[in-house]
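The letters A, B and C name the chains in turn, as written, and every chain counts its residues from 1.
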Amino acid sequence: MNGKRKGTALLLAGSLMLLSACGNGANGNSENGGSGNDGSPAASGASASASASSSGGDSGKKIKLVFWNTSYPTIDENDKTKKKEDFYIYKAIARYEAAHPNVEIDIQDIPDGTNAMTKFQTAGIANNGPDVTNLWSGNYTMDLKAFIQPLNSYLQQTDIDSMTGWNAVTENFADSGTIYGVPDGSDGTIGILYNKKLFAAAGLDPEKSPPTSYDEFVAMLKKLKDSGVTPIGSESDGDFVYFLDYWFAQTVGTSGINDIVNGKLNFNNPKLLKVMQGYLQLYKDGFVTNDQPQTQFYNGKVALIFGGYGYLNDARAALGDDLGMMKIPNFSDDVVVKNGGIGGTGADFVVSKSSRHPEEAVKFILFLVSKDEQIARFKDGYGKLLNIKNADAREFADDPFVIKQQEWASEPSTIFWPDNIYPSELSDYISSLNALVIKQQLDPGDFLAKLDQKRDEINAQK
Amino acid sequence: MHYRTRESLSGYLSLLPAFLALGAIVFYPMVNTFYHSFTKWNGADSHWIGLRNYRFIFSNGELWTLLRNNAVFLLSIPGILLLSLVVSVLLFEEVRGWRFFRSLYYIPTILSSVVVGMLMKMMFAPSGVVNEMLRALGLTDGTTEWLSRAPTAFLVLIFCFYWQTLGQGALIFLSGLSSISPEIYESASLDGAGWWQRLFRITMPSLVPTIVYFTVTNAIYCFIGLFSLVYAVTQGGPGRETTPIDYMIYIKAFQSPDQLGYASALSIVLFVIVLLASWAQIRWSRRYQE
Amino acid sequence: MAKRKSLPVRLVVYLVLVAIAVVDFYPVVYMAVNSSRTAVDFFRDPGGLPAPWYFDNFKALYYRFDVLRLFGNTLGDTAAAFALAMALSIPASFAFAKIRFRYRSGLYMTVIATMTIPGITFVVPNFLLMSRLGLVDHPASVVIMWAVTSVPSNIFLLVALMRGIPDEILEAAKVDGISYVQTVARIVLPLSVPGIVTLAIFNTTGWWNDLFTPLIFLQSDEWKTMTVAVATILKRFDTDYPLLLAGLFMTSVPPMLIYVALQKYIKRGLVIGSVK
């Protein structure tokens, strides 16, 4: 019986705790929601009034746009005391709201990459999507088109004429047709970022004599390795998207990539097999490490990484004048596209089908991608170049590599991201399998054959 | 008779809320999923395609890799069962501070898989702290690429699984052990039974229900609960070498357009497999208990 | 119990337990220590101590997150979900354990069988359901999802536990004419407390850490849970490991505290009866 009484007491204590926990939770919510407070007055104030306007309906004229932020940073690795409202996107929204008093932007942070797409898809299914969000372009966007508003009727020809990258957001990558998004900036062109000091120590000067062929590239890597440094840092999927894809695409050409997608050409063909073998040889020779490539590069532990404009700011900050940049050498002499690289507009803004104010949403998007705003975010250190046709980086940037990136990006030899052209499921499959190839657990031929099998399965299920 | 009806009625009434809730959140979606497993479905529109999803599942060769991956985890259960048992029996010896150990062992169970995933990725990175330690101890050369190869990636995952399950096991087994009445031990001691004899004649047999609970729930976990751990630690890689079925359902449902029907079919397949497995397990354990 | 072991044996036992404890707890220490370093310092020596100790990572979290709100949301959601889960599970478990009626074992097996359903497939139908009910982006959706999906395993454990309640007590209650509700409230509940507390620990810590359900069902910052917020913001910064670790550490502390607070209540009297 003693035990029983003890039990009752415990239960009481437990339920009290539970109750007080409930109370705390509720109080916490209402307090924060109601008054908005410490740290981020702007943000909590905004969301509080946002919920008021959506539930109250008293301010019938005010239009609320929900913006899922997947791409703008809201935390700064180099300035950890920076407040939320000091970040570019919050300032941009404040500017927009000031200019459009009838519009209110409700910004909500959403995970990026594939998580963003998962969330966008589920919300779309329930007709609950955001007014505006940022997705990866090409097939990543097209795969979700059941939930995305076609934008043709909201866009002026002048808008379209002023920007590049529209193929990436147009059905079938065509020059005209249904437009599902607004291209967002440019990733520049993926090349090689290298550490000049480490190169000099190995007796190399790629500025004077850049490697132009596979053999020269290998010779260069060998010299680096002999000097006691790991030549290449690459992601654990073998930098398929930045590097291998380029050799693939330059070998078969952009039309070849389309043929592969449609099943007219196989991955498993002698040319691509040769590319695979050459690529794998770099791993077999011990030229590559897959461990924290960027950090290793910034700390002078590896001599080069593959990257475009996205890494430029961080790399410059870490290496200063020791930073070098060059293009990825051609795989062989008989490639279709020479001296190019991968890049272009890898992301876009979309309006979900559930948006009740698509016109206002597009206006907001056009504001975000306007020349002034793109320059402003560029200056804030955002990882994208401009996709404005008449913008010259020289006007607002002084890093010569930024200007070079812009030049590269406008060259016809820059190939649009092949992973945005493959069906997204296939892209995902390729990078997972490539992680096996580079560790020599999957034969390159088998790899290519598996990719064809996957492609055929995807096409058969269409 | 009247009394009986009343009792039945209160029985049914007690079940009603739970069944209504399960009906809405579990049974209805189950039926919904079953229906959609015969369709091509993007979440909004679906059309009937008969058995095509199932045909793909059984013909594209992926299912066997996925099942193998689940099986690897399943086969690791005896290890954690043994470890939990040993730890519990040792703790039950009333070593000083057993409460402290029990609490400490439980801490990893509390960590989110998001936390575990990122933590393990850092610790098991080639230049991470695990390699550093192994090199310092002279066990390896410190260059093991844990997550790049299937066998070591599985080791890391199973380490996480063990790491997060030991606390739960210790908790459950300690409670099971404490239910054994001290008199039985005392009379056994009087009969001259040694420690080992008591362990195998008294302790273990009385723990059987707890062992069954532990193995059944963990076996189910190994089929349907691995997603978040695998997602956080290896993303199913390298390749698809550590992808269990529920992770593939996620990939098909959310990372492949128009494949929700396929994902539904795959869930039905998984459901049948798990149902059969747990049924067999409970059957077997019941026989063992008798 | 009353068995005194020889000193060397006790020493070995201690050594084993301590070794396990070190392996067990080291990652948590690793997380705590390395969250107070700069990225460069961490890169140079991932196994060492911070030089110097650097707390700006926590400052960044403080400035960036509305920590109190996130904490309040998560605590409120888990507490509500647990209350709902118990309201559904306790009467049902008692019925399964102690009341005789037709189809009892059939119904029980049905509930247990639902434990074997992979929850991930239900996301889409349930999301549609919640959106029809207007509950998407409202904490009720997460509370309901968490509570209901936990019911089968709660029943599984509670039934096993309640079977251990001696029938004589219940018979005596019946003879005394105590009503059904009172029986549950006055006799069954108190005797099930160890089980309920165990479930509280299992369930609430699991929910606290759940990423997927709140990620899908909640949208606005107003309702976000801590795990989602941290995973959302920090995953983009995979080069600044200490910053990431600080975020992870911040999300991990509350569930650890919940556990430490509750574990006192787990009496060794928790018994798991036979599983049938």
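The working rule: a contact is a pair of C-beta atoms (placed from the backbone, for glycine too) under 8 Å apart; a residue touches a chain by one contact, two chains touch by 3 or more.
Source: prediction; values computed, not measured.
Most remote chain with respect to chain B, judged by CA-atom centres, is A.
No other two chains have as many C-beta pairs in contact as B-C.
Note on chain placement: the centre of chain B and the centre of chain C lie 15 Å apart, centres being C-alpha means. Between chain A and chain C, the centres computed from C-alpha atoms are 34 Å apart. Residue positions 43, 127 of chain B each touch two or more of the other chains. In chain A, the positions touching at least two other chains are 118, 122, 125, 292.
Those residues of chain C in touch with two or more other chains are numbered 123-124, 231, 269. Those residues of chain A whose C-beta lies close enough to touch chain C in the complex are 3-4, 7-8, 10-11, 13-14, 17-18, 21-22, 24-29, 32-33, 38-40, 43-44, 47-48, 50-51, 66, 68, 73-77, 80-84, 106, 108-112, 115, 118-119, 122-123, 125-128, 130, 292, 294-295, 298-299, 314. Those residues of chain A lying in contact with chain B across their complex are 114, 117-118, 121-122, 124-125, 143-144, 146-147, 236, 289-292, 296, 423-425, 428, 432-433, 435-436, 439, 441-442, 453, 457, 461-462. In the complex of the two chains, the chain B residues touching chain A come out as 40, 42-45, 56, 60, 125-127, 145, 147-150, 235-241, 251, 254-259, 262. Residue ranges of chain B in contact with chain C, taken from their complex: 7-8, 10-15, 17-19, 21-22, 24-30, 32-33, 43, 87, 90-91, 93-95, 101, 103-115, 118-120, 122-123, 127-129, 132-133, 163, 166-168, 171-172, 174-176, 178-179, 182, 185-186, 189, 195, 209-210, 212-213, 216-217, 220, 223-224, 227-228, 245-246, 249-250, 253, 260, 263-264, 267, 270-271, 274-275, 278, 282, 285-286, 289. Those residues of chain C that touch chain A in the shared complex are 39-40, 43-44, 56-57, 59-60, 62-66, 68-69, 71-73, 75-77, 79-80, 82-83, 123-124, 127-128, 130-131, 136-137, 189-191, 193, 196-197, 200, 215-216, 219-222, 229, 231-237, 239-240, 243, 261, 265, 267, 269.
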